[in-house]
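The following pair of complexes shares a single chain, chain A, combined with chain B in the former and chain C in the latter.
Right, the complex of A and B next:
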């Protein structure tokens, strides 16, 4: 079984069929909010070696552990500066609606207008934008499963989980085979 | 097993025919999650979005949990199982006495296990009714007929994973990237190894994006195209004459027919460049191993059987069959549609594809079941609806099907179902069809019962029981078994293992697929598996064909395909999308899937749209001879000019489709619909 640190997630955009299976799998593993967005290809954290998101976070809420970039929810203020820093657009947001409890009446989040009317008009609920990102399926790794859910579920092989040596050798084999077949068919004079 | 607090049970995916396996995590008798099985041969543990929604489906709040009886005034009330089964049995007996056994129709299901289908068709036939059929009629009945006539057996010839070894893949009328997503993995692997991929489809789909060349044909011209490709192969002398001479018969007749074809004229009719046809012919014929992947784009036509036969002809012409990477891949749509067909849940076949008009073999089956003879001459799904309208069929027993959405011309189906004296529906949700039922019986889902399932590559796999059905819902086997007992057909309701043992005796190619062997094996066994020690056969016809003389035959169609070209303004193409499943009775209830495709949309080409003044999002009326439907337009160049696309997961679509049947396989010509469009002004 591969250890957590050795693998990287590889995305083959030309293989993506846009089925959204990775989004569904991610949602199930992470309790409802997907850390993946399928545009033309799955977009999610690449776990950079020099991560800009860590650099910009003033709360130090993002940290690198075992080669994985993790967001610490307790420290995060949902300010969203990491969203601007990420070159891949891999940091996701989810808008949730939260009920305002009566004891929160005088809370600063209550709109100014309501306070002007002597506290008579209170919104019953407010919307909060939460920031979240891929955690490389830490929980699955702790449970002894090697591959993250998205790589395990991807039907077309667009998301792969390999270590770098394995990935580069398979890339070489792939190129070799394509060239070999093209060469053979050319020699037989059947190619157009 | 059930008492353990948290355990993983390996079950078969309930959706398409690929037969993926996954582990269901069960805690305190409730499904809480899934895990993947990277060592499973079909998909290496991959699951599409539908498979990932399994837990949501099992815990769905709208599940049927107790039997329901509809009173004369239309009100429903909860009844007990005893009451429900007794009522159904009495009513069935009474109808048999009054109108004869022919007056009862039975619809089996491609969603339930082999054992349940076997017992269901046995119940129908012992009851005396020949009318037992299921929805394989609506997808691959032409393949069964055409391929068994040409090759001897109507199933996929190679496993799905064997596509990886192909050097040329011809995809015709299949959108597997959306409907069987895991197939795309093997096709992409083949592409990475240098295979040439050709897609034939009237639409641009994720599947055609994989292909090197895409032949965007005019809808319904598949037959002409296949003939043109074969004519070109012959003309260039690329046919495999050794193979034709040693392993086939009937070639001369086909040759004479193909000689008359002018491919330039054909290319014009089909609407693709002549060069593409030539490239396809050369690539397919000259590659060391070529595969044909086809699906409902071939079968759901007026001449579906002839089109499917053309696919077989093409493989035989080039000898691309019976080897690794070379074969015919008709992809089946439901997790047990192959099994249900094998079990004889089809009007013209008894278990093991014994024709009901073959008196001698039929009586052998009858002997096994302990009676003298069995009825023959059954009606197909669509013909049953017609017979109800004619007043010939008075009662219908539906197991896990939703004919109102899946059958063509829904208005007629609805009218027919409301005319019945007795409609029993056995399902997991209150479907559109169940709304018409006199008695609705709550059934268990796949993970709530044990049984074997046969996937599209003929792999028979055992799916064990992972959890108990909710409330009073019962497994289909329990329901059929107890109903049979009340009808006096057998004394004890059988267990799945007992039935599989009977299947081993009744169907020769299931002979070695015993419960002991498959229950312990995750990979299952691939039929033909003739005896206890047989390892199963993954590639068919490597030595001989399953016909009497061991040779395949070219089935030459006498139909003039050109006559079927119509010049009505729009061809209506119906099809599927990635996140929905067949009649949508399951997937339209799951919010996590529904959000991706929430509504019915009509895809129309920008030029057509501007001509009619239709914009993206405007409401349009779609009119055919069968009905009118209001829908929202989506302007996109993914369809050809002159054709429009609608997914059939929504009840509206099949209000429009025609009821013409293929003369041989009796499949309705879903994909031949012609329509007119009107902008609806607000």
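Right, the complex of A and C next:
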């Protein structure tokens, strides 16, 4: 079994056939919310070395563990600030609807006028925009599966999972190392 | 009975309070141009969820408050013209990241596309 830190995910945009299989695989692994979006080629967290999302998060809900950037759900407030801090648009959102449990105490305290418009004051359901991002399939790694779901599913080899020793040689054949880009590539043209 | 008063000068228009509010008293309505934060009265419970999560401590108030709305115009993406985020929110990010604001006014789709375009050009 490969350990967490020894591999990295590589994307070959030319090989992507746009089948969205990686999105499906990610959805299944992460309980219905895909952390991948196929936009020309698969887009997901690049696990930057200097991550803007960590800098911007005011709750310290994003942290780096073994080179993987993880969003801690208990601390996250779903504010959406990190979404716009990420230069790659790699932090995803899903809108879910949750039922509001009416509390007896809550209703008792409200003046009569408000209670008449009860439906409006106490809506039956509320919508939450959940923020989620790629976690490098930590749970799969802990369960002993070597590769993340997207790399295991990709039929055309656009998403590959290689260990670091192989990575240096594959750079020459235009495989893009996911890990090194930390800035807006389209603006500054930084090295890959 | 606790009031919810949003200070319009401090609020950046993120979604933190709306997703923290378990009673659905703070809700967000989003149209093509605007994001509206709607507070439909006082909080019936003694919870302080919205106060705790607010990044700028914009939520104040001890006494019961009347319904209110905070309206934000959404910044348009400089590439495709689609709405992105409220300007105060982008200002907040640019302050925290020490990055000029013009780098941030791209929508998510454009960021994703530009990443691959930049890589293909190389």
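Heads up, the rule we're going with is that the second predicted complex is superposed on the first by the 149 of 192 C-alpha atoms of A that agree within 3 Å, B and C clash if a C-alpha of one lies under 4 Å from a C-alpha of the other, contacts with A are read in each partner's own complex, and residues count from 1 in each chain.
Going forward, contacts are C-beta pairs under 8 Å (C-beta built on N, C-alpha and C of every residue); 3 or more make two chains touch, one makes a residue touch a chain.
Just so we're clear, the structure is a prediction, and the values are computed from it rather than from any experiment.
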Under the stated touch criterion, which partner chain does A:87 make contact with: chain B (first), chain C (second), both, or neither? second
Spot which of chain B and chain C makes contact with more residues of chain A, would you? C
Figure out whether A:128 sits in contact with chain B (first) or chain C (second), or with both, or with neither. second
For A:58, using the defined touch cut-off, is the partner it touches chain B, chain C, both, or neither? Pick first, second, both or neither. second
Counting only touches as set out at the top, which of chain B and chain C does A:100 meet: first, second, both, neither? second
In the overlay, answer first, second, both or neither for which of chain B and chain C A:40 touches. second
Counting only touches as set out at the top, which of chain B and chain C does A:19 meet: first, second, both, neither? first
Could you say whether A:79 touches chain B, chain C, both of them, or neither, answering first, second, both or neither? second
Answer with first, second, both or neither: which of chain B and chain C does A:68 touch in the superposed model? neither
Contact residues common to both interfaces of chain A (with chain B and with chain C): 185, 192
For chain B, which residues count as touching chain A in their complex? 33-36, 38, 43, 45-49, 51-53, 55, 167, 177-178, 181-182, 184-185, 188-189, 192-195, 206-207, 210, 279, 282-283, 286-287, 578-579, 592-593, 596
The residues of chain A that touch chain C in their complex are 13, 37, 39-41, 43, 52, 55-56, 58-59, 77-81, 83-90, 100, 103, 105-107, 109-110, 114, 120-123, 125-130, 176, 184-187, 189, 192
Quick check: in the complex, which residue numbers of chain C touch chain A? 1, 14-16, 18-25, 27, 40-41, 44-45, 53, 55, 84-85, 89-90, 92-93, 96-97, 99, 103-104, 108-120, 122
Residues of chain A defined as touching chain B within the complex: 15, 17-21, 23-25, 27-28, 145, 147, 149, 152-157, 174, 177-182, 185, 188, 190, 192
